[in-house]
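Next come two complexes, and both contain subunit A; in the first it sits with subunit B, in the second with subunit C.
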Partner chain A sequence: MGSKKSDRREFLKQGAALAGGMTLGAATNSATGQLEGPEAFIQGTDELVGYGKRSRFVTSERIAHGGRPSPDTFGLDFHIAAPLQDSVGVITPSSLHYIGTTRGAYVPDIDPDKHRLMIHGMVDRPLVFTMEELKRLPSVTRLHFIECAGNRANRRHTTVQETHGMTSCAEWTGVLLSTLLEEAGVQEGGDWLVVEGVEEVKGASSIPMTKAMDDCLLCYGMNGEAVRPQQGFPLRLVAPGFEGIFNTKWVRRIKVVDQYYMTYNDFGHLTQDPVNAALGYQIGPKSVITCPSGGQQLPGPGFYEVSGLAWSGGGAVSRVEVSTDGGQTWMDADIRGTAQRMAHTRFSFNWEWDGSECELQSRCTDEIGQLQPSRAQAGEFFNQSGSQPRVRGQDNSIQPWRIESDGSVHNAIA
Partner chain B sequence: MVVFTMRLLKLLPLIMLLGVSAQAQSPTYGVGRTPTAEEIRAWDIAISPTGEELPEGSGTADQGSQLYLEKGCAGCHGTTGAGGLAPRLVKRDVGVLEDPWNYGRILPIRAPYATTVWDFINRAMPLNAEGTLSADEVYSITAYLLYLNDVIEDDLMVLDEESLPKIEMPNRENWAQVPDWFPGQPRLEGYPY
Partner chain C sequence: MGSKKSDRREFLKQGAALAGGMTLGAATNSATGQLEGPEAFIQGTDELVGYGKRSRFVTSERIAHGGRPSPDTFGLDFHIAAPLQDSVGVITPSSLHYIGTTRGAYVPDIDPDKHRLMIHGMVDRPLVFTMEELKRLPSVTRLHFIECAGNRANRRHTTVQETHGMTSCAEWTGVLLSTLLEEAGVQEGGDWLVVEGVEEVKGASSIPMTKAMDDCLLCYGMNGEAVRPQQGFPLRLVAPGFEGIFNTKWVRRIKVVDQYYMTYNDFGHLTQDPVNAALGYQIGPKSVITCPSGGQQLPGPGFYEVSGLAWSGGGAVSRVEVSTDGGQTWMDADIRGTAQRMAHTRFSFNWEWDGSECELQSRCTDEIGQLQPSRAQAGEFFNQSGSQPRVRGQDNSIQPWRIESDGSVHNAIA
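So, the complex of A and B:
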C-alpha cells in the first residue's frame, strides 16, 4: 500500500513536470464554459528560434518527377517536382521549388566568400566580381517563374504535382545582367552570351544578347533570403520566360561571344525542325487548376473556389478562363492580385458543384495575345491527326480534371 | 577629294553611332576588378564552333581507344560505347552512316560541330574527375568517339586545334536555328498559341 501511494505521488509529480514542459493548457474541460485551448504547444527550441519550421500537420513535399525516379540510369532523381496541389498564392517556398539538376542529388557546396563571377569575351573591360561587390550594385526584386522544358503532362499522371510540378515561382533579387554588361562594355558583334555554372558539368547555355539586355537577372536572393544551394547558391541566372535550363545555377562566368556556341546544353535543345526549335525556347501561355485537382476529393455538392496558376514566357497573364463542361463553354476567372510579367498568377472562380460528373479546365491569354490551346487545337494547327496529338515544343496545353459524382478528381487526359 | 567626302558622309552616321554607344557604355559604378590574361585563359573553357579557344594539342582515335579504357569511360558508357549506365556514345549500325537524326541523342554523331564533343569531354568528364584530362587526351578521346561513329574513317588521323573545327559532322548544316529573339515576340510567328 505504502509503495503504491509513493508511486502515485511520483506519477503526479512527473505528470505535472511533463505538463509544464510539453503540454501547457491542455485542459480537457472548462468549468467556465470557455473554448478549450490548443491540445499541445510546440517548445521553442534553439533550432526553432534560429530558423523556423512548419507545423508537423503540414506534410506537403516534393517528389521525383512523375512520381518515380528519372530515366537517369544512375538511379538518381534529377528532376524533382513541386507540390502544386497544396500551393496557395503565387510564391513557391524555396524548400519546395522544383529542381532540375544534371546529376541527381549532388549540388556544389560553395563558400560565397570564395565565389567569383567573371565577365569577359567581347567586352571593353573584362571584370571579376566578388559576391560582396555584386551586392553593392543597384538591385531589383521581381517575381518570376522557372519551368522545365520537360513539364509535360500525360494520361498516366494522377496529380497536378506529376502533370505540372516542374514549374515554380519565386521572388528573385539580384543585379540586372544589363547593369553588368554595360559596366563591362559590350563590343560590336557581341550578340550572344555563354553563361556557365560551377557544377561538375559546368552547365552553359547560349543566350541572345537581346534577352540578356532586356530582363535577365543575376540573383543572389530568393524569397527574402539567400538562393538555396539546390537553386544555385550563391548566384544564379534568371532568364524570365525561357525554359528552365537557360537559368544557369552556380554562375561563375559570362562570356560575350559573336555566335551561337552550340554548348552541350544547346545540343540538348537541338532539332531539325524550325517549328520545334521556336516552340522549345520561350515558354508559352499555360495554366492549371490546382484545386480541385487530380487525387483530391470533394466532400459533396456545394460551393467551391476553383483555384489555379497561370503563367507565360510571353509576359503577364492578361486573362484566365475556366470551363466546367470540358471546354465547351468558358467563363472568365478572377485574377488574384496583380499579374506580373513571367510570373505565376493566381486565378480563382466561384463554383457551385451540383454533384454531377463534370470536367474542369482552365486556359489563359498573355499580354501579347497568345492563347493556351487544347491538345486538339495545337494539333489541328499543324494538321496532326488524332484527338490527343503530342504538343510540339514545350507543352502548354490545357489540363482537364474530371470530377466524378462521388467527388473524386481525376486526370482527364485521354 | 569628292570621293573622300562621299565616303566620309557615308561613314558619318556610323561614326556618330559608335560615339554614342561608347559613351553609353562607359563604366558607371567602377565596382569589380580587371582579371589578368592568365586568369581569363584558365577560366575560359567554352569552345566555339570555329574553335578559337582550343588549346594546342593533338591525338588520334587509336590513342583514344586506349584512353577510353584507362580513364574509366568504359565503366559507365560500356566497353563498346554502349550498354553502360551512362548515355550511349555510338550509333547502332557501326560501319554505315545514314541520316544522323535516326540515331537518337548521341553526342558524337548528332552534334553539328566536333567542338561540342571536345568541349563537353573537357569540361564534364570523367565523372568525379572532371577537368583532369590533358588537351592531348581530350583530342584523342574525341577522335575515338568520332571514329566509332564513322564520322572519321582513319584511326590514325591527327586531331588538333586546327583540324578539329574543320571536321564535317553529318549534321553540320542540318539543324534548325532558334529564332532571333526580341522583347515581346511571340514564340512562333503566326502560331496563336
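So, the complex of A and C:
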C-alpha cells in the first residue's frame, strides 16, 4: 500500500486508508481463492419467468416494532419495521417497506376497477374518478421517504431496525393533488382537507391546503409497479415530509373544509390551532448509521465504509457529518448522488478503525439550515427536561453506536 | 371547464386540455360514485409481516421474448422481457427486470459466504475478495439501465413488451471497478479486461480498460436489497451504457490482459480491432412510448398523458420529442425529474386526442448530441439498405404506434 501513488487513491478521503494487506484478509494474498462453480443451479420454473424471487440466502425481513403487540394478536397496533441494517442505496424494496397502522393487521383487498376517489366539500365541481381516469391525468414521479412519528430509539433497542426501522423510501408515481383540486375549484375559505381512506374506523387526516397545493401526491405507482396493498393499493396520499400517519392509504375521499378537524389520526396533535398543528406534522432533520450498527460485528481493525441514511421533512439533505469520538469532533461524510427533497439520502464515510473502543454518530443538516440535535438537545426541546431526557414523538436526535474493542456494536443510548 | 381561469391550469401544456366533462366520464358528475368499503380484507399472515406481496389484482408479468424458444424447453436462449406497458416511473421492480442469457434457464444457486472475486493477470498484486470484504470498501449507488443488444421491434410484435421489453433500469449499489483495479495495480499495457461469471460455459466479456476505469461497477445491491439471482447474485458487473451481455453476472474473476480477447459473449462483435469493437458496444439514444402502446385501448377522444421511457449509452437524456402525426412535426415532451447518465428517463406529453386515426412517435437526444434515428435512417446505417430496411442488433430506431379511430393501438412498423 505504501508505494501506491496518491493519484491512484482518490477514494481515500478523510485520512482513512484502504488497508488491504492489514485488514482485508485474503485480499492481498496471491490468487489462490476457491473459484469452483456453484454446487447447484436454480431450476427454471414459471416463477423464474413471470415474477422473479430473491436468493434463498437472502433472508432479510421486517419485524414487529419493539414493544408493540405481536401482529399475531391482530391488535390495533400493527407496526412493522424495515431491516435498515441490510439496506443499500436509498430505495426500500416494496416488500420490505415499513408499515404503521393503528387499525390492525387486516389489509383492504380492493378491486381497483371498483375503487373511486371523490373530491367534494367546499369546491365548485365535486368530482369522482375511477383509477383509469386518474391514470390519464398528468403525473409525476418523485423519491420520498415516509416515517412514523414514533420512530425513535430507546435504550432497550438493540438494532437499527428497532431504533429507526419505521421509515422507508420509495419512488412514488401519481397525480399532484393540486391538479385535482384545481379541477374541482377550491372555494374561498377552503383552507383544510380531510383525506379519508378505506378503513374499518375510517382513518382520516387533516391537511392544510397550502401543503396540499404545494407537493402532495395521490400515488398509484411505487418503485415501478402498483402501490402495494400494505401501502395503500390502489391509491395513497403522499404528503412529503409529514408524519407517516398523514400519508393516508386506500384513499377514497377528499373533503375540502374550512378548518382543522380532529380525526382519529390526530391523537398526537392535541391542538386545534392550525398553525401549531401544521408545524407539528413535519419530520425533523434526521440520520442514522446503518452499517456498522447495533448487533453487527466488525471482524477486526482496518478499513470500513461507514454508511447510513439521512432525511428531513424540511427539504433536501445538504450536509451529513460523522463523529467517531462520541460527538466531540465531526467530519463531513460523502453524500451519494444528488439529495432529493424529502427523500432518504445515502451517505458514506471512509473510516480506519484502530481497534479501540469508540462511538460512532451521524448528524445531518437540511436545505433550510436545520441541524439534527443531540439526544440531550432533543430532550430539552420536547420536554424541557434536563439530565434524563425522555423524548416522545418526532424525536430526531442523534443515534450513537458504541464499538467495543472486540468489534461488537451496541446501542449507546444510556 | 370553459370557465376555469388559466392560472388554474398550469399543467395544461402544448395545447392539450384536460377535458374533464367530455372525456373523463364520471369526473364531472356530482359525487354519486360508489364509496362502499372493500368486500374483504387480506388476513394478517407471516407474509404480511416479513416480506410483503403485491395485490392479487396486479398480474403484470414478464414473458418469453417473441420468437425465442419457450423457457420450458430450457434451450440455450432464455430471453425474458419486462412488461413496459405497465411501467411507472423509472425503476424496474427486481421481480420484473428483464433477463437475457444464451446459456439456458438455469440460475447459479450461489452461497455468498463461499463466493470469491479474483483479480489477476497484468497486475502488481493479484487479489481475492470475499463478499464481506467487498462490502467494506467505498461504494457508490447509481441508477442505470441494462439493455440486450437484440432489443428491437419487428412487424410481428404487438406490444411494447415484445418490441422493447429487453431493457430495464435499477438502482445499483457496489464498488467502482476502478477502486479494485487501483488496489491491484494495473501494469503497463494492461489495456483490456476479461470479466468471467460463474456459468456452465464460463461466459465472459472483454472490456476496454478505459471503460473499466471510467464508470463500471461491481454490484452487490439492486433496488435496495441484494442483487437477485437472475441478475447475478451475489455480484454483477454493471458496464453503464454497454450492451447487456457485457454486464457479466455472477462475477468471479477479472483478468487484466493486453488485448481484446474473443469470448463466447462476443458473437455479435466479429472484429478484433479494439476501437471498432469498443465503439460497437454502446447502446444508442433510444425511446419508446409505453402508454398508449400496442394492444392497449383508448376509451374515447379526450385528454391523455402520453408517457414513455428514454435512455442512451452516451450519457444522460437531454431532450425527448413526441410526434402525433407520424413524425411530420415534433413537440418537446416533459422530462420527469433530473435525467441520470445511462438511466431510463421517464417522459410525458399532454395530449388531446380528437378521435381520428393518428400515429404516435417519440425520439430522444442525449447529452453528447446523438439523435435517435427513424427506422429508415437506422436501416441505412446498419445495412446500407434502402426502401426495406432490415436492421439488426443495437437498432435504436423510432417506434411508431398507430391509433385507430376505434381507440385501438397498434405497432405501426410496416
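What we mean here is this: the second predicted complex is superposed on the first by the 344 of 414 C-alpha atoms of A that agree within 3 Å, B and C clash if a C-alpha of one lies under 4 Å from a C-alpha of the other, contacts with A are read in each partner's own complex, and residues count from 1 in each chain.
The rule is simple: a residue touches a chain if its C-beta (ideal position, glycine included) is under 8 Å from a C-beta of that chain, and two chains touch if they have at least 3 such contacts.
From a predicted model like this one, the values you see are computed outputs, not experimental measurements.
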item: Which of subunit B and subunit C A:P108 touches, first, second, both or neither; value: second
item: First (subunit B), second (subunit C), both or neither touched by A:C358; value: neither
item: Which superposed partner A:A376 touches (first subunit B, second subunit C, both, neither); value: neither
item: Partner chain in contact with A:A412 - subunit B first, subunit C second, else both or neither; value: neither
item: Touched partner set for A:E305, first subunit B, second subunit C, both or neither; value: second
item: First (subunit B), second (subunit C), both or neither touched by A:I63; value: second
item: Touching partner for A:S95 - first (subunit B), second (subunit C), both, neither; value: second
item: Partner chain(s) touched by A:G284 [first = subunit B, second = subunit C, both, neither]; value: first
item: Intersection of subunit A interface sets (partners subunit B, subunit C); value: 74, 118, 120, 125-129, 133, 136-137, 182-183, 185, 200, 252-253
item: Sites on subunit C touched by subunit A in the complex; value: 4, 8-11, 18, 20, 24-35, 37-44, 48-58, 60-64, 71-72, 74, 78, 80, 86-97, 99, 104-112, 114, 116, 118-120, 125-130, 132-133, 135-142, 171-173, 176, 179, 182-183, 185, 198, 200, 220-221, 223-226, 228-230, 233-234, 250, 252-253, 299, 302-305, 307, 336-338, 346, 348, 350
item: Parts of subunit B lying in touch with subunit A, wherever the complex brings them together; value: 18, 21, 24-29, 31-35, 39-40, 43-50, 85-86, 101, 105, 107, 110-113, 115-116, 119-120, 123-124, 127-128, 130, 171, 174-188, 191-193
item: Residue ranges of subunit A touching subunit B (in the complex, touch as defined); value: 73-74, 118, 120, 124-129, 133, 136-137, 182-183, 185-186, 188, 194, 196, 200-202, 204, 208, 210-211, 214-215, 252-253, 255, 257, 259-264, 266-279, 281-282, 284-285, 313-315, 368-373, 377-378, 381, 393, 396
